[in-house]
Each structure stands twice: as structure tokens, then as C-alpha cells.
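Please go over the structures that come below.
Shared between the two complexes below is subunit A, which pairs with subunit B and subunit C, respectively.
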Partner chain A sequence: MDDGAELWAAVRLTVELAVVTTLVLLVIGTPIAWWLARSRAAWKEAVAAVVALPLVLPPTVLGFYALILLGPDGPGGWVAGLFGGRSLAFTFEGLVIGSVLYSLPFVVQPIRNAFESFGPRPLEVAATLRAGPRDAFWSVAVPLARPGFVTGAVLGFAHTVGEFGVVLMIGGGIPGETKVLSVAIYDYVETLQWTKAHMLAGGMLVFAFAVILGMLVLEKRLARRLR
Partner chain B sequence: MTGCGRRRLGQTLLALLLLGAASVGWAAEARLAIAANFTAAAREIVAAFEAATGHRVVASFGSTGALYTQITQRAPYHVFLAADQVRPALAEREGLAVPGTRFTYATGRLVLFSREPDLVTGEATLRAGTFTKLAVANPITAPYGAAAVEVLRALGIYQTVERRLVLGTNIAQTYQFVETGNAELGLVAASQVAERAGGSRWLVPQSLHSVIAQDAVLLTIGAENPAAVAFLAFLRSGPARAVIARHGYAVAE
Partner chain C sequence: MSGPSSIEVRLTGALGTFALAAEFEAPATGIVALVGPSGCGKTTILRCVAGLLRLHGSLRVRGEVWQDDARGIFLPPHARPIGYVFQEPSLFPHLSVRGNLEFGLRRVPSAERRLRLEDVADLLGVSGFLDRDPASLSGGQRQRVAIARALLASPRLLLMDEPLASLDRASKREILPYLEHLRATLDIPTLYVSHSPDEVARLADHLVSIGAGSVRASGPIAEMLTRMDLAREQGADAEAVVDATVTGHDAEFELTALAFSGGTFLVTRTAHPIGQRVRLRVLARDASLTLEHQTGTSILNIFPAVVDEVVTDGASQTVRLDVGGTPLLARITRKSGATLGIEPGRPVHVQVKAVALVD
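So, the complex of A and B:
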């Protein structure tokens, strides 16, 4: 594979990983956030703490557990066995699982905050207008929580793009399959190919700035419109 | 005692302390940058060295490429134990190492290893190609990875197994892939499995790859450090060489 192709393979793979991870996170993160925002269970903060763990844990801890869970000694090996493999490590699917664990709090937290911010009142009003719980959720709660969804999706996407430790530990550096941008940069730095490292690292810097700025602007605009 | 006198006393004590630390050689501390494959042997040698000399050692482990990158950025290492000869020589040429202090402390051997008993029977295991993943170290950064690729090329199977290779960033991570079973096979350093019972292994003949001569060198930052100088001398000594040999390396005469 020539150099340009390798750079592009890393960029494309990273974007694919971030897109898939964000979609998965929205699907599993929304019900978690909803439950955390609405439940009166005494132990819900314990669940919230579990969700928030990746904020505190070093990626090496997640990477280490992921390596074992994805492998032949863990459930990942069993799942891989169904498809004739022996491990989910070194696969795109394995990276998605690792990334979902790693970015979960970045998606759940903003959505939960958004669900909490408008309180029970709008839903009670919806109920008096004979909206069922499902209808109220989709036509009242979700639109009201839109800023939270936007923030969560952007943060989940960006955080996955910026992921390094977990993918390094479970990826195996396969070009086009598990060798994402951050790992490619690491390789270029290690092998003293600093021109390429600069290209990718500079690109990441610009990307990160654009994402954060865009999110701040968008958030403000959405909040204004809802008010 | 006046305030001034007390201050003078304090200054004298401080000066004595600094003088003492500088003149007493045995109180020195050496910082070592060590190639990951040498981890187990290094720990033993460092312990023996500290016990024998009273010097203290702080060791950092990583891939030779990563450590060398750090050294080019003036990382505070006194001694560099690489997994190859290229980077210590490069360090010398770049003025980062003391000329004439370079020597080969160990010659590495590659081993094809699996934690599953009976899986590895020899060269045939690689040739049969019935495995899903073969772990090797990154050939660009890790000398053991480069040697592993040479072996695959020498056997004429590189093209067919290329897509099944997974790369560890250094030989330690490569072994970790094999030990956790995520890759059923790996070309790792013999030193890593020297003390591990079980599994199955094939010691790759040295004729299949270029010699993995591992060089040590005194870095410029450590030129005046008595502990660093003493450690390199200790590394050449009989007891250290015995440890190195026991860990699966060939030791030059």
C-alpha cells in the first residue's frame, strides 16, 4: 500500500468507526439516559456511576479488560466462534465495542441532562392531552431534548475519533481494518516520519477545534430557538 | 545564636549535603531505557546490580523505536539497551551517545509460540497456514518484528499470511496478544517464554533471519553518571551474562 493510500485508509476507517459508534451509542444511550433521568430507584446513581467510569479509568484499564473479554476466554471469543473466528480483537466490530464502552458517558450524560432539564411538567401536560407514554416520549421529550442529543452525538463522535489507548490495545494495527488515525500518528512518530505525523496531527487539531466550536455555536442556537 | 549565624549554619549544612551526594559514588541513580524484549532479564540484572553496588536504577521499557524517539528529544536516560544495533549507532552518530561505549550485550532468538499445547509443531505450522491470526511486532519499529517478517519471507509464505498478521507496537504487546489467546500464534522473543512452562513452541533457526544483535550504549546525558558507567560494566560481567543466557539469548564470547 503506498503512503497516500495508507493515510486515506486511516482517515476513512476512523470516520467509519466514529459514525458506527455514534449510531450505536445513540441507540443504547438514549434509553439509559431516559431511565437515569426518570427513575426513582435508589440505586440509579450507582448505574450512572458505572456509565461514567470511562471518564475516570485510564484507557489501558478498558483496553486490558476488552482484550480479555473479546478473546477466546471471554464472551467475544464465543461470539466470534459463531462466525468461525476465535476473537473479536483485531476486528472492526471489536473496535466498535471498545469505542462504545469508552465513549458511553459522553453520549449518555448530555442526553440525561437534557431529559432532566425540562422536568416532569411537559410530559404531564402531554398525558392530560391523552398522549400515551410512547407518543409523549417521541413527540414531546425527544424534541425538547434535542440540544442534548446534538451534544451527545458530537461528543461521542469526536471522542471516538480521538481514541487511542483502547484501540492500540485491542486493534493490532491492521491497515484499513483497525489502524485508526491516532495509531497511525503514533507509528509515524515512532518511526521518525514526522512529516506524515504532522499532516495527520495537524489535521486532528483543526478537526477538534472545528468540532468544539461548531458544537458551542449550535448548542447556543438550539437553546435560543427552544426558549 | 543570631539569625545570621543560624542562616550560615544552614548554608554550611546544605553545602555539605550537596558535596556528599556528589562525591559519594554509590549514592548515584542510573536511568535506563530498555527494549521491551529484555524486560525479564533486565529486572533480574538490575536487582543483582543494585544489591552488589548500592547504586539505584530506574528502568523504562518500550519498543526500541519509541525509546529512540524519546532519546532524540533529550529524554533523561543515561543508558540505552536497544533491541538492535542500528539505533545505538545512530545515537552515537547524532552525538546523543558516548563514542566507543557501544557493545552487544545479547543476541536475540525468535520463537513461534502458542499457548495451546500441540498447536506448534515446527516450521510446518507456519507453512500449513491454518491459523487465523499470527502476531508479530511492528516490523518498522521493533527489530523482532523485522526479523519475524524476514522469517516469513524466507519461508516464502509472507504473501499468503500477510492479511492474517496482527502487529504489536512492541514485542511485549505482541506476546500479550498471544498469551491472551486473541492470536493463536505469535513470533515472539525466546526470552519472553524462556521461563513459561506449557504451550507449544518452535525455536526459529537463526539462518532464517538476520542476527538480532542487541547493543547497549552510554548516552551523553549519562557520561558522568557513575551508576550508569558501573551498570554497563556489570552488564558485561559473568553473573549478568549468565542471567542473559538463561533468559533465552545467545551471549557473545
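So, the complex of A and C:
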């Protein structure tokens, strides 16, 4: 694989991983956020704490447990067996699972906050206007929580792009398959290829700045519309 | 009264430390006001009728069972044919005014729709800003949109929770005529929570008085306002309402004649057409008593009456009168009462010095 292709493969893999991870996170994070926002169960904060664990844990700890879960002797290995594989570790699917765990709090928290911000009233109004719970969720709760969805999606995407420890632990660094940008930069620095490291690192810097700026602008605009 | 034209409420339960045990029946016609001091459970009852809150008991509205715990029936709010106007307008900020109005309308099967968006928008004066954002409206305009939105859900029972309480004085004055207009043009039974005697006297047909979690009394407004136990609390502000019909206009003296069961009031000329029903408010302190029909007085409105009940309160007495079937209150001094021999059964004449026309 020539140098340019290797760089490009890392970029493409990273974007693919981030896109898939973000979509999965929105699908599973939304019901979790909804439940955390609406439930009156006493133990819901325990669930919230589990979701938030990746904020505190060193990524290598998370990666270590993920590796065991995904490996041949864990549930991941069993699932892989169904498809004729041996393990989910060191695969793209394994990376997605690890990234989803790692970025979950960044998606759940903003969406939960958004669901909580408008209180029960709009849903009560919807109910008195003949909207059942499912109808009210889609026609009222989701549109009102849109700023939270935007923030959650952007943070989930950006955080996945920027992860290192987890993907290194469970992905290894197979070019074109599990070698994402952050791992590639690490490898270039290790092997003293400063120019390539500069290109990727500089690109990440610009990307991170653009994401955060874009998010701040968008959030402000959405919040103004919903006020 | 039980049956297809009544609202029957039986609720017991506790919310935190607050215990509610409410039981009443009211006609499902006109406006039924739930009145009482704040914190007495009025809003709780309304939320239970809407299904937003569940206490133990049963609810039957116009012959339909909405809740009956004995039979395990509880309709969720979206399955009840109601409209609900909250204290705050609570418009959906992500929808335009039109989007808000259509929200309930679209969810009612077309066969059950009884009102058209354009008509309701005209009725409440919101046609001019259908395409605006709720955020750009004034408080009064928003609440008018909220009322229109509730009406467009074609409710069989309209629930209003102090719809004017969150508004400033000017907005209140702006909305009250719309509510009176609704009462006159649309025949939608309404449960109206209020702690404003003024709103109640203007709007209500039936009164349910609530105190500390239970129903104290329930009855037609004319009767309830003149009930001694309730009127007494009002003291000098006690009043009666009289429903009357416009029977004629006197061009020469610029007066309007309003007939009621006990006679005919003459008031300063109004623009009402002949035959129109109007409501009059008579304050107890504006009514005085004589034994004979006085002549040579400047007071125009004098009616024969019979004393019904007398309650003494320090130097004053509140007298409930039967004026040809319509109850009125008069506030007199205890000394006058003794001089005139005011006691139940005594025929007198009541002189009404001032009346206020409601609509």
C-alpha cells in the first residue's frame, strides 16, 4: 500500500466508523435518554451513572473490558461464531461496538437534557389534543428536543473520530480495517514520519475547530427558533 | 340530573400531604365554574377529569364512562373528547399558529369535527396571525390561540384552568368578551376553574364551590351566589346575578327594558337587540328595602319581594329575597332590620340603586 493510499484509507475508515457509530448511538441513545428523562424509577440514576462511566474511566480500561467481551471467549466471540468468525475483536464491527460504548454519554446526556428542558406540559397539551404517547413523542418531544439531537450527534461523531485508547485496545491497527486516524498518527510518530503525522494532526485540529464552531452556531440558531 | 346531560365526578385520593375527596354532579350545559381558594384542589379535579392525573373514583360525562375504578375503566387523556386550556397558553413553539390550531383538528376523525379552522380563528380574532410564530404574539393573543386550539379538537367537554390568571389586566379585559361570545355562540359544556368572583359572575351558569379538598356546595349560579353560607364570606361584596331578556328600548329617555321573572329592570340604553339574553349583577349593598312601594323616589327599579332568610353580622344584616322566583341580596343595617321587622316570610319592596350589565 503506498503512502497516499494508506493515509486516505485511515481517513475513510475513521469517517465510516464515526458515521456508523453516530447512527447506532442515535438509535439506542434516544430511548435511553427518553427513559432517563421521564422515568420516576428510583434506580434510574444508577443507569445514568453506568451510561456516564466512559467519561471517567481511562479509555484503556474500557478497551480492555471490551476486548474481553468481544474476544473468542466472550459474548462477542459467540456472536462471531454465528457468522462463522472467531472473534469480534480486531474487526470493524468490534470497533463500532467499542466506540458506541465509549461515546454513549456524549449522545445520551444532551438528548436527555433536551427532553427534560421542556417539562411535562407540552406532552400534556398533546395528550389533550388527541395525540397518543407515540404520536406525541414524534410530533412534539422530538422536534422540541432537536437542539439536543444535533449536539448529541455532533459530539458523538467528533468524539468517535478523536478516540484512541479504546480502538487501539480492541482494533489493534490493521491498515484499512481497524487503523483509524488517531492510531495512524501514533504509528507515524513512532516511526518518525513527521510530515505525515503533521498532515493528519493538523487536519484533525482544523476538523475539531470546525465541528465545535459549527455546533455552537447551529445550537444558537435552533434555540432562538424554539424560544 | 344523572344521565346524558350531566357531569358526575367522584374522586378520592392523596397528592403528597393533600387529601382530596370530591363528589359532585353538574349539568353538562353552559359553563360550570369550579371555585374556591387557591390550593383547594380545583386544578387537581380538572386534571383528573382530563385524565392527566389519576385519583381513585369514577367520572361520567354526558353518559360516557371515562373512569370507573370499580370496573377497571380508565380512558387515557388522548381518548377523551376534551379540550383543555391551561393557565399558561402552552403553545407548541416549533409550530406556527396555524400548526398549533391544526394539531388537534387533524387528530379528530373528520366525521366528528364540528368546527372549521377559519370560523374558530374568526371567533377568537386570531385570523390575522395564522402564519406567525407563537413567540411573536402578546400574552393575550397566545391565550386566544390556545383557546381556539382546544375548541378545534371538537370537545364534548371543554376544560379551562384559570385561563386568565397568567394574564395582565389589559389582556384579561381583552379576552373576557371572547369567552362571553363563545358562551353565547357555541354550545360546548365547559368546566371552568377560577378564583375570580368577577369572572364567575360574568360567565358561569352553575357553580361548584370547593374548599380544602372537598365540595362544599353545588348549584345554579343565581342560587349559589345568594346562599347565605357562601354570601356571608363576601360580606359587603356579596352579589346576585339576574338573567334577563331585552324587551324594549325607550328612545325618549334612552332606557332599555330587561325582563326577568320578578319584573322589569330599566337601565341606561344599550345596543342589544330585543330578545337578547343578558346577565345583570346586583350588589347586595346597592339594594335597599321598604315596606310599602315608595313613590316620589328617583329609584327606577323597585320590585315586590318576600324575605327568604336573614343573617346578622355585627351591625349589618344580609337579607336574601325572593323576587318572583329570582333570588336577590340586600345589605342593610341591623337597626333598619329591626325597625322594619325583617324576618323570613315578610313581604317587602326592594329598591335597586345600581345594576351592572354583564354582556
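The criterion applied here is as follows: the second predicted complex is superposed on the first by the 227 of 227 C-alpha atoms of A that agree within 3 Å, B and C clash if a C-alpha of one lies under 4 Å from a C-alpha of the other, contacts with A are read in each partner's own complex, and residues count from 1 in each chain.
One rule holds for everything that comes next: contacts are C-beta pairs under 8 Å (C-beta built on N, C-alpha and C of every residue); 3 or more make two chains touch, one makes a residue touch a chain.
As the structure is a prediction and not an experimental result, all values here were calculated from the model.
Colleague: Could you tell me whether subunit B and subunit C fit or clash when both sit on subunit A in the superposition?
Modeller: On the shared subunit A, the partners fit.
Colleague: With both complexes overlaid on chain A, does A:73 touch subunit B (first), subunit C (second), both or neither?
Modeller: first
Colleague: When the two structures are overlaid on chain A, which partner does A:59 contact: first (subunit B), second (subunit C), both, or neither?
Modeller: neither
Colleague: In the overlay, answer first, second, both or neither for which of subunit B and subunit C A:144 touches.
Modeller: It touches subunit C, and subunit B stays clear.
Colleague: Considering only the touch criterion stated at the top, classify A:98 as touching first (subunit B), second (subunit C), both, or neither.
Modeller: After superposition on chain A, A:98 lies in contact with neither partner.
Colleague: At the CA centre of subunit A, how far apart in angle are the CA centres of subunit B and subunit C, to the nearest 10 degrees?
Modeller: 150
Colleague: In the superposed arrangement, does A:152 touch subunit B (first), subunit C (second), both or neither?
Modeller: Neither partner.
Colleague: With the two structures laid over each other on chain A, which partner does A:189 touch: subunit B (first), subunit C (second), both, or neither?
Modeller: Touch status of A:189: first partner only.
Colleague: Once both complexes sit on top of each other, what is the least C-alpha distance from subunit B to subunit C, rounded to whole angstrom?
Modeller: Least C-alpha distance after superposition: 50 Å.
Colleague: Counting contacts the way the document defines them, which residues of subunit A are shared by the two interfaces, the one with subunit B and the one with subunit C?
Modeller: Residues common to the subunit A contacts of subunit C and of subunit B do not exist here, since the sets are disjoint.
Colleague: What residues on subunit C touch subunit A, complex-wise?
Modeller: Against subunit A, the touching part of subunit C is residues 50-52, 76-78, 82-84, 86, 88, 90, 92-94, 103-104, 107-108, 135, 149-150, 153, 159.
Colleague: Which positions of subunit A touch subunit B when the two form their complex?
Modeller: 67-68, 70-73, 77, 85-87, 89-90, 168-170, 172-174, 186-187, 189-192
Colleague: Per the contact definition, I'd like the list of subunit B residues that touch subunit A in the complex.
Modeller: Subunit B residues touching subunit A: 63, 65-66, 69, 72, 132-133, 135, 138, 140-141, 165-169, 173, 176-177, 180-184.
Colleague: Going by the contact rule at the top, pick out the subunit A residues touching subunit C in the complex.
Modeller: So the residues of subunit A in touch with subunit C come to 121-122, 124-133, 135-136, 139-140, 143-144, 146, 225-227.
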